[in-house]
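To keep things clear, I will list the structure first and then write my remarks on it.
We just call them A, B, C and D in the order they show up, numbering each chain from 1.
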């Protein structure tokens, strides 16, 4: 069983491991066992489950290779496997919230024991395969940090008391660059991951694709711009929507983005209910809404290749989890492409499918990405809930077209 | 607004109030905030919700009459109203488990504050209407004590770790009286509540009904007897079942009582997984199963009038919550009717409808019982989760015919 | 295998058999194969299926006893068994409408062949058991005549073209007796079938029950009276409804009786869309609506025993299928109880359960009535779609509380 | 309002119009009004509805432009609009089967009247826009001819009597070319419609895309090859399936292709239940099954660009509706790519999305294709139910990944 290996700086490995693991717990500061217990919908998971599952991942895929390692809680394997059919049966996803035991305390102990064991491995020195598995475990943990925040936000939004996750001030109302469309490259380009750094299997292999004449908006769509769509009757006009989207709009009674309040002037955030900043990037919309807005605006969404080709030449700067705003903020000014990284994931016009020549990871890890290549759309760029060192230009996120609980927004594109 | 009044011994009122309220918390000893947070199915409620709702009941129906009382948590009214449409809108029942806030600690404080306020009222002295409302609140609290236990049992049963609620020894395997049928009275009899003590509106008015020639089994159906039904193919034989019951059996794949393990030799209990005591009363079956078993046995279920007329002449003895077994136990020997009270609620052949001349309580309290008179069947006698001083011969419990998570069992009856 | 026997006038047997069978076809006159093909909801059946199923009933339960009889269509047995688990598996009820084959022509031929075979049996002479089975088949056929009409009405109501079943004039606007409450008997009374005539098993045994002091309305509730309830906000007032009923009202958006048009001034009938006759009996309401209306009116529904004891002393007169109005009509005047038979089935306050000492029919026929004794309410008196010679005072019809597509209405009762 | 125009041979226009319209009716020969009435699932439509809807299409989009034209059945507009939101509300799709009126006879008359009116238009001479609309109507009619057959097949498959649509002999067991992989072109290629002939908007614009190194199988996957997958436990091995596919396999209990019988030796066809021809092309599988089979076989599905680039150089030969086999047949031998057209639609690895620069048709016709670009996969090549003159290399069909009732099969592809 071979996992593709890549260069790891073993000197910093322990520090990096502990830093990321601690950050997960830091995100839980101020949350009670009750807050971390609840599953607010089948798509979401309890915070406690995220804490346990990310730990199980190291136990299963890293420590499991150590013949001397004995799991202290053998039966938890069943509870905290997410979807790896090839390593055994698992607890049904919609019932994760029923597990009041093990308690939060027991799971914290579990985290500590597994961290100690992995730490020892790292100190003893690991071969490149094990290093790769540990890195995968850390990347996986960072993904769940983001989900922990978005799942908690959804849970709190269901509570009529509208609890506040972090009682912090937001930056004042921001300024905004005028909307411009910047032409992209045309003809054959190469996309996909290259080089020694970590990447998921779905970013490979690097390959050639063809870009048609096009342009990308210089910045994200703002709340004010989306509000104009809402006020113009966007949610009542069937002709703007994909057929599946129109069905959802009617069935769910969608009238506005997920967390906007009925007054269209404020929104529920992780820092409480706040006035809507007109210049801040719109977020918490589905692909269907992104696509309808783009049609209304006489534009379209970018393809993932158009996006990546442009992003690959930019530094990874932006409003990330590290900033601890936990919300997109109004923005940076400048001449080129702005806000390509951070703030919100950007829906693209690309269904999530494999790249030509794609090979999933071997063994159970092969279930990581490939088996979800149906019915989802690619998002790019990371969000205010993504750790800065988790993202890169070739990174492919994906969600079903009706999903709204992620920090997802819109950048427009155009045919030229 | 008049609530029917009855004699209250005001001297003991404070003691009784505090005793019952403390017992609710005592039942929660050893449970974490997480255990009390989860709602395992729409029919069940989180323990935390039970703690809050029973407190809200006193606030709404007792303290609400005090013009000086100010609720410290005005918006909780919405969260902890169960189903009283006439006092305002309420949080959707299936979403009770989403309320991670208020926290368990806040709800304990809420309980303490309301208890103090009611205690002061009692010390100052209450008129008979207020006394009646306080008594109703206590009876209501006792009902929720039982639900707290059955809901928790269901939650723990969903957890593959099969947590233990109380780690106590059960009595050894019991002895059993031979099954006999004892003839009941025939002709006109009076049933329904009489006298000064507390009763729910649905037990009134006392009225005449007519009993046909019949007999009642001297004791409850045992696990061994029900096992014979299972082994005889009872769950595969359509002819034994009501049509609606057969539909449920097939849709849900029922093969045995709710908490019996697949080996038919052990069962999940609040004290852990235990060997099935052959002589202990069967429990956790639905009306459909009770009815099918009776048909298989060549008998029928008793009507509630047959049951009440027989029970009214017996003392209220039995295995109740007070015994802290939290499970039915094998039983008492003797010549007459045994196990009429406690151990398990007994399904009757009587749909839950109003007595002739029934008048619901006035105002919002009128929603207490009357509006549920559709599609449910009457159960009698209380269970091992019922407080002893909560039950009486005229007490009418009711559940839908598919419900299995209550401590419900079978006494057979016969036409003569 | 014994079916309870009763006196049959064998001389008229053939004539009666053919008359009832022909009436079924007469009801289909003017309907196309397409009209008789469609199943508009799972509760309804296609007309073609009614034609075949009533024929299968004779084949299964009458001809099946003749060792010489060979079914020409062996595999149809599976298709046209309704719910008799003990005679074999059956086609799923909600898929009856998928059977475009056998064609209507083939089913007419099937009817003719079976009629010929049963006719020959009758001419040769039948023993009392076979006579009883034939009579049961005819009673069964008459039940399906009524369903054929109500199922067709539902189908046509789903068609935006609002087809007309019979293009006939209705009687002009009728007159109406003032509403009065007439006292019923109090104390022990006997109800249930007695005598030699045909009755279903569920009407037996005749037995004693006890009537409390009560009165019955002298006539049915009219459209005008129900309209007052609608205009008074009856469908918006939770306090008037059973809890289950309120759930249905909100889920289904009920605002008025099933076939009333939005203008509250006209209704869809089998004779087309007609102005609402204010004095005609209300119909096409559920038990939930009947119960809520009675509560609003400060009354209650009669029990089935109250109804039967009163009806048993009246002749069976009324507006039946034989009148070919296919709709209730405004009514008879007079001093006593009016409209007890015909026009609309009257919802009672009695859940459908067995009488004391009830014994189902032997064998497969035992599935006829007894297995439906859960979750339904008794209706009495027959309707404008019932054949006159099908009904009697002891007749017990039953439907679930949400059913609205039958001709069902309201007579009020009162405690005294 | 402009529809893209293209060269039409007006001389043959009337003949072509009548030929295609007559063919639709010819496909209904031998079917009763009942057969054409039933809707066997929400995805399917009644035959009668297909007959009416294709006629409505001409009335709406062709005759609607004639100010003198008066629809004889104004209210049918509502009934027979399929999904064109911009021309008005429509009858709910799952309720198409409830319309027993208008009758088949009335719809035949409707067809005749509209045909007469369109025929007159054509004789008088039409401008290029109207000619384009008529051609679109004919192409649309041909699509519905195919659906009429697949919907009828589904209906008959639900009938335990397994009716036969056409009682004809199938060709004997066929021979088969050995499976070989033929390399395709690599680098930039142009795909999409070009030239004067008719094409749907979704085939345009012609544009450049990039092909990676690849090969295509020389022929379709056979029944024998798929049987090996079934026998190898393909339906039990989660690792072979997309996650969504595995969910469907388990929920629906899929064990084999839709119409294969349980014996794995015969299948339900439009010509009756027939032995499975081992060499005939597999059909009636979903995208999920195609994808799983390809993974099991160590291959993958072709992309639509790979398929089209190869097909564009081949003549449009194959087993089409015109052959009147109504089933795929074992095949042609030869050296190159075989069976590219006809027999079965070939699932591709391409989600159905717009081509770069795609512009939907103007006005209501813009709803024809574009709004379905979510959650579906492209199929290529036509089937045994497709008219020969309806298909071309650039033709893009699309269905959701779970759809199995179309004649859809598999051609394998490979990375090189």
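Heads up, the rule we're going with is that a contact is a pair of C-beta atoms (placed from the backbone, for glycine too) under 8 Å apart; a residue touches a chain by one contact, two chains touch by 3 or more.
Just so it is clear, the model here is predicted, and its values are computed rather than measured.
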Going by the contact rule set out at the top, which chains touch both chain A and chain B? none
Among the chains here, which has the CA centroid at the largest distance from chain A's centroid? C
Between chain B and chain C, what's the gap in Å when you average each chain's C-alpha atoms? 38
Please tell me the distance, in whole Å, between the geometric centres of chain B and chain D computed from their C-alpha atoms. 59
Mind checking the centre-to-centre distance between chain C and chain D? Centres are C-alpha means, answer in whole Å. 47
Show the residues in chain B shared as contacts by 2 or more other chains, in ascending order. none
How is the touch graph of the chains shaped: line, ring, star, complete or other? ring
Can you give me every chain pair that touches, using the contact definition above? A-B, A-D, B-C, C-D
Partner chain B, residues of chain C touching it in the complex: 83, 85-86, 188, 207-210, 212, 214, 238-239, 241-246, 287-288, 349-351, 353-354, 356-357, 366-367, 371-375, 401, 415
The chain A residues in contact with chain B across the complex are 32-38, 40, 48, 75, 78-79, 91, 95, 97-104, 155, 158-161, 163
